[in-house]
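By letter and in written order, the chains are A, B, C and D; residue numbering begins at 1 in each of them.
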Amino acid sequence: MIVSALVLVPILFGLALYAVPRRAAGIAKGASAVLAALVFALAALEPQAPDATVRWLSRPFAAAFHLGFGPISFWLVLLLALVTFSALLVVRGSRMREIAAQLLVLQGAMNGLFLAKDVLLFALFWDLMLLPVFLVLVAGGTHGRTAWKYLLYNLVGGLALLLATAAFGVLAGTTDVIGNPAARVGIGATWGAWIFAGFAFAFLIKTPVFPFHTWMPETYADLPPPVVAVVSAVQSKAGLYGFLAIGVPFLGPEMAQARPLMFVLGLSALLYGAFVALAERDAKRVVAYSSLSHLGLILLAVFSGSSLAYAGALVYIIAHGLFSAALFIVLGAVEQREETRDLLRLGGLGARNPQLAGALMLAALAALGLPGLAGFAGEILILTGLYRAGYGWPAVIALLPIVLAAAYMLRVFQSIMNGPEHPDLPQRRDLTWLEGLAVAPLVAAFVWLGIDPASVVAAMVAGGAHVAGVR
Amino acid sequence: MMLAFVWLAPLAGGILLWAFGPQLRSWAGPIGSALIGASFLATCALWGSATAPGALHVPLVSWLHGWNFGLQLDRLSLIWSLIITGVGFLIHVYSIGYMDGDRAFARFFAYMNFFVFAMLTLVLSDNVIGLLVGWGLVGLASYFLIGFWFDRPSAVAAARKAFVMNVVGDVGMMFAIFLIVAKLGAIGYADVFAGVGHALDSGTVFLICVGLFVGCAAKSAQVPLHTWLPDAMEGPTPVSALIHAATMVTAGVYLIARFAPLWSASAEAREMAGVIGGLTAISGAVLGCVQWDIKRILAYSTMSQIGYMIMGVGVGAFTGGVFHFLTHAFFKAQLFLGAGIIIHALANQQDVRRMGGLRTRMPFAFLAMLVGVLAICGVPGFSGFFSKDDVIYGTLAAGHPWLYAVGVLTAGITAYYMFRLLFVTFFGPYRGDVDAAALGIAVEPSGPSVAGHHAEEEEPHHHAPPGLMNVPVAILILPTIFIGWLDFGEGSPWKQFFRGFPGFDAAATSAAMPELASTGLVLAVVAAGFTLAYARYGTTAALRDAVARLRNETLRTPPVLVHAYYFDAAYELIFARSARALGSWFDRVIDPHVIDAGVREVAISSEWLGHLFRSFQTGLVRVYALSLVFGVACFVAYYALAFGVSR
Amino acid sequence: MSPAFGSFPVGADYAALLPMAVVACTPLVILFADLFLTGGGNLRRGVAVGIAIVGLVIAGVIEAGQYPHDYAAFGGAFIEGGFSIVFSEIVIVATVATLLLSAGIGRTDQVAGTTALLLWSASGAMLMSGAANLMTVFLGLELLSLGLYCLCAISARSTAREAALKYLILSSMASGFLLYGSALLFGATGSVAFAALAAAPLTPLFALGAGLFLVGIAFKLSLVPFHAWTPDVYEGAPLPVTAFMSVVTKAGTLAVFARFAYAALPPDRASAILIPIWVAAALSMLIGNLAALAQTDMKRLLAYSGIAQVGYIVAAFAGQTTLGLRYALLYLAGYTFMNLGAFAVVELMSRDGDAVVGIPRFAGLAYRRPWLAAAMTLFLIGLAGLPPTIGFTGKILILAVTTGAGYAWLAGVLIVGTAISAYVYFKIVRAMFVHADPAHVRDERSRNPLPWLAVAVCAVLTFALGVFPLTPSNILPLVK
Amino acid sequence: MIVAPENYVALSAVLFTIGVVGVIARRNPLIMLMSIELLFNAANLALVTYARAWVNNVGHIFAFLVITVAAAEAAIGLAIVAVAFRNLPHVDVDDAAVLKG
């Protein structure tokens, strides 16, 4: 009941927002923010909510509309609700109503993705969550190319996922298996490789991982800040979640086979993203490439087969969600004030906007993995896990991007906030209370997570027992 | 919980001042100082329980099995905490005067308090990762304070440089942590030390030490990770005194002392540390001889003194090394604060060539500096004498004659450049009004020393320092002179204090010569250094045509020294520039012209196919009919092959 | 009576013919009533369309009532059972929708005639859906086609007549192939009943006959390379007729194909005989979508997309599995609704339904006519195979049965085709959601509100079928 | 004398081929229609032949069916040709090529 509400209520409410007259867009925004908060409360208060399931298909394989919390999905749903709430608070502009609506639809679809206990249902929401973002990009106007890149890249992945799901269902007889360790899925080695390839292709594009990443920087650069906050914070985790929820339990051998390849991809994403971020001029693109780098690290963890690294992966997934959302929201605020994202044109804002500077500083610090913040907790767990699982060189190589991260994150912060004030830039007011309200919970969350990730990790390790073959 | 208070009071101060700074205005300073003072008193109150067997331990959070975080106050961390909070308190008080009238007065104290908190985290942590957390946080605090005047591009750059270099160190420590966790699965010091010799074979211990040493080199400005320290002088002088002289930069010493059991277990590691320390000591000292910015002189001397400490703890003379940290904390703070008085009085003039003759103008500053100089040069009776002697002799005792030689030589150089500083600054005529060219100073329009924090102020003031600045200096004079006696002779209270401390009782091989002889040698060399300095800067002749001489020296300084052995240039070229180039190559070539191009080709070619098939649609019925027949032909051909032939 | 007639037991089961008969006779009523209504006025239109719809509804109800049982007329020449009933119902629904679309089109004095032709064509399709005998197949096919030839031509535009001519010539030619194939099959087996064909030995003659027969089928399904006529005819014909063709022709022909593939071929060699069809289906999925990339006219675009879609449906038959047949039916139903819905939207966007609508006309539709845009979006993402529509569910089921039957390569091609098609359909979605200056967009509205009904029903069913994919549990008997 | 059925079948095949070629080769729609009739009648010939060979009247019935259908087809065909070329100068299918692409 509750779990289906988590999916349906935001979608329906979002669609209903279109009935609100444009004049009352502010009301729409407020109402949707309240709804997001309620969704958060609903999920947080009922972690033991019972599954909801309705039969869908019976032949050639059994499938069901089966939604329910899992050890990982619970946290992801919370993260999503939190980020959506913050994002909704900073929605602004003439398209306020549409963006708010699409954000809610997106939230509903992604809740469905994370709560799906059925692979086919997972695939359904996988495709469904493309539409709101595509529509936002399209309605943005001049971003046709970006919209196409986003849609086609991800849709190709989605179709591979679809084919793999079909084959999975035919061979396993049912797709209603996620989070069900008892489900003995008999997939032969011959087909397993192909099916895994299908899943992996979709997941890698979505994450994204080098060399499937080129859709991401443009999408992030063109999306309005609230939406990009949600997309980068949560949607980019869908693929990793897929690996953890479908790959690890049911395609363990194939994942082990693919490990070398995935390590190569992960490491190249890790380094590639970091280096490009060092050279970018556009603040949003810097953060986009930094995500590429960070998500590459998580990919390593996912394929490491080490429980320590899995724990780190979950912490880092949540952490990255929190700080990248904060980063994009603050950068959005900067852009909205100064009408540019060009690091070479910005500068000296810190003097007049101390709170803005503080928010950006905190987010950047979390992103560069400052010890004591969430990013560090995830990194150290993942890296030690990798090293301990016997992947010494990957772990050591993965240390380099940490230094680079410090360099490019500080570069972003300093070239926006420090240095002499630029007279040609419009000097606007400091962080508004709405923006503050949007950023504060995120910051609080990643500070808390950095000090005591145990609450999350413990849940993960407890619930993550289904993660088979963990060293 | 007392210890938690010691630890959190500064944090509370930091947050309070950061959040409500504007409202608190001038109260920010006193509040910040008071909190540090309280923390200091609390630390003193904990002396008993800290020195008691089994130290003082407070568990905090636990991440995973074996990943338990807690605070621990034992003899080593006690010493450090006392210095951090004690000297920190004095410097806070001093800053009230020094930073008076700065636009971001409250922010300054917020950062300072935060730094103290971070440093306490570092020394109080009872495990490797907690240590790393503190390690990172002090780096952050130093970043904040170096870049305190963030409208100066030079300060911003220096801050970033310092932070990134420190992250290199963090990464080194992470590597050490990999090994520890991989081998032990636990992160507590106790577990680590227990593991030495069992779970941790000698090779692993060495690797761990290497990792740790990278961290220590970055934090303590050891060659080759030292280049950030001179630039760090962009920060306000009290910051230089507290962070970049007294406490943070000595964290490396703490690190090695803390992991003494590991170092004791690995000769190679000791070798490495000793060599690097010695190298740093001498190269820093040499660079100190050619600097003109008073703070940079002190910065290089700091670098060289830390070299001593590292050398000491490296070779296994832990008590000596730590003791040198103790004395250095006092006399270096003393020197910096003295310098601060001068800088403050001269409205941010930091170039000693523009000073001179200040002995009469500000006698108190002279006294302060004099005491500091005597101490750092190791003049008998002053604190530096005892500690430095310990270290130098320790190298010999540990059987490193070369390091010994380096130590002795460095002592002489130290004496030279410190007295050079003293003479040029305080003797002869005042050269503040001499134009820069005459002194051979390359004038840059907006040098860092010009656009200071007083830029906002109305009257360009040349005033005597407020009492608030003198008091702490005066207080510091006492330990600067007398603290050394703690370590006088065998069985000194200091040696007693650390008897039986884990790893400190490294078996020292018998020395090649008696300690007294060594002391004599050192003193001789120091005297030589002093004489040289006097001959070049102190004699009446030298003082008379000081301007000309300084000009000559300025122009004659070998460029290799002016550019500090070209480290910065090399790093800029090898790392920074190439990394950026690679990144922009990825961004401008690989992404658009390789990956995207491939995808675009697919898209374009499918569009092209679409138009191709479209062109097949000529609209002519007969062509359509032909295509139909063509299809039929294909079908028939297939059936002929599949079934006709088979019959 | 010669022994050959033994296969024709006296006393056929005429109940089987009842629904078709109703549909076939309604036109007589319409024409008769039309005699008494002179002059223009919507009354005349209303009566014609009304009677037609009533007749179709009655037929539909009777069909539904017959679903559990099965009847055979003419000793198995015409079989009415679960399988064919689904097809007939689809035909009926499509015809009703077409009537709703066409109600406002054409000269008033022609409405009765066109309606009659429409119903006769429909009855032809219904005959095909029940045909289990080469003769009935041919008869149904011609009945369907003859009506359509005329319907194509009924329009003021000269392109319509050109379309009619092309359709006439090419379609008749294809019928010729089908007919000759039937003759050869008769020659090879001495019978025209599917059941008998299945029993006969596989001679080269039989193979050749089957091949030519399948050519005729492939042409009517407009599978590549027999698709050349489709775009031109769809574009030229009046929009409702295009809609009708795009669904009814395919439905009837698919019924024949299914029966032939499942019941008329020697089971052991059936798959070998059908390989060309699977290849043609694969080509359709690819070339249909690729060619659609280059289109700007909606009718033409939907024609190509129809080519690809029918490719998906045929792929479901691969391996002749029962599930495949069921899910082909499901997807055909889904395609019917998505496709008719799309046509209805296009109809609502043109002043007189029989007009050319290009993609530019959709610019900013979401802001001018949000409901219409929403519906169109649903239909388009359905055709593209995205959730939450039957397009998604049907596609996954087809993929599953195709892979399950060992035709993974067809599934792969299907995926590739779908990937290409995404660009085709989302081009329109994008146009609808782009902020466009209304001054530059021709915004026409149909005067006939009836298509709204079609849009609404199709939208609901497109969604509902996706969530509850009902398939006929009983598809037998194929033959008697 | 009795001609073997194979010959009739061969003849029908020839007729069919001629019809196909006619449709493709001729540009006059009327002649194309004739060719189509030829296709149908070729089929008829084959049907009748096989009916004779199998001694099965179904072939005859089929043939009659085809003849009637062909008649209807011809009627409609002529009508459509008439309207299609009403306002075109020549009766040439290649002129009717507005719809393409």
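In this text, contacts are C-beta pairs under 8 Å (C-beta built on N, C-alpha and C of every residue); 3 or more make two chains touch, one makes a residue touch a chain.
Computed from a predicted structure; not experimentally measured.
S.K.: Using the contact definition stated above, find the chains touching both subunit A and subunit D.
M.R.: Where subunit A and subunit D share a partner, that partner set is B, C.
S.K.: Which chain lies at the heart of the structure, taking centres as C-alpha averages?
M.R.: A
S.K.: Averaging only over C-alpha atoms, locate the centres of subunit A and subunit C and give their separation in whole Å.
M.R.: Roughly 44 Å, centre to centre.
S.K.: How many Å are there between the centre of subunit B and the centre of subunit C, using C-alpha atoms for each centre?
M.R.: Taking the average C-alpha coordinate of subunit B and of subunit C, the gap between them is 79 Å.
S.K.: Between subunit B and subunit D, tell me the centre distance in angstrom, where each centre is the average of that chain's C-alpha atoms.
M.R.: Chain centroid spacing, subunit B to subunit D, equals 98 Å.
S.K.: Starting from the mean Cα coordinates of subunit C and subunit D, work out the distance between those two points in Å.
M.R.: Distance between chain centres, rounded to whole Å: 26 Å.
S.K.: Mark out which residues of subunit D touch at least two other chains, giving numbers and ranges.
M.R.: Residues 20, 23, 32, 93, 96-101 of subunit D touch two or more partner chains.
S.K.: Which residues belonging to subunit A are in contact with no fewer than two other chains?
M.R.: Counting only residues that touch two or more other chains, subunit A contributes 152.
S.K.: Counting only residues that touch at least two other chains, what does the list for subunit C look like?
M.R.: 165-166, 169, 173, 177, 231-232, 294-295, 423
S.K.: Go through the chains and record each pair that touches.
M.R.: The complete list of chain pairs in contact reads A-B, A-C, B-C, B-D, C-D.
S.K.: Mind listing the subunit B positions that touch subunit D in their complex?
M.R.: Contacts found on subunit B: 614-615, 617-622, 625-626, 629.
S.K.: Subunit B touches which residues of subunit D in the complex?
M.R.: Contacts found on subunit D: 20, 23-25, 27, 32, 93-94, 96-101.
S.K.: Would you mind writing out the residues of subunit C in touch with subunit B in their complex?
M.R.: 165-166, 169-170, 173-174, 177, 202-204, 207-208, 210-212, 214-215, 218-219, 225-226, 228-229, 231-232, 272-273, 275-276, 280, 287, 290-295, 420, 423
S.K.: Which residues of subunit B touch subunit A in their complex?
M.R.: So the residues of subunit B in touch with subunit A come to 18, 61-64, 129, 132-137, 140, 143, 147, 150-151, 153, 156, 159-160, 163-164, 167-168, 170-171, 174-175, 177-179, 181-182, 185, 579-584, 586-587, 591-592, 595-596, 599, 603.
S.K.: For subunit C, which residues count as touching subunit A in their complex?
M.R.: Touching subunit A from subunit C are residues 323, 370, 381, 385-388, 392-393, 395-397, 399-401, 403-404, 408, 411-412, 415, 418-419, 422-423, 426, 429-430, 433-435, 467, 469.
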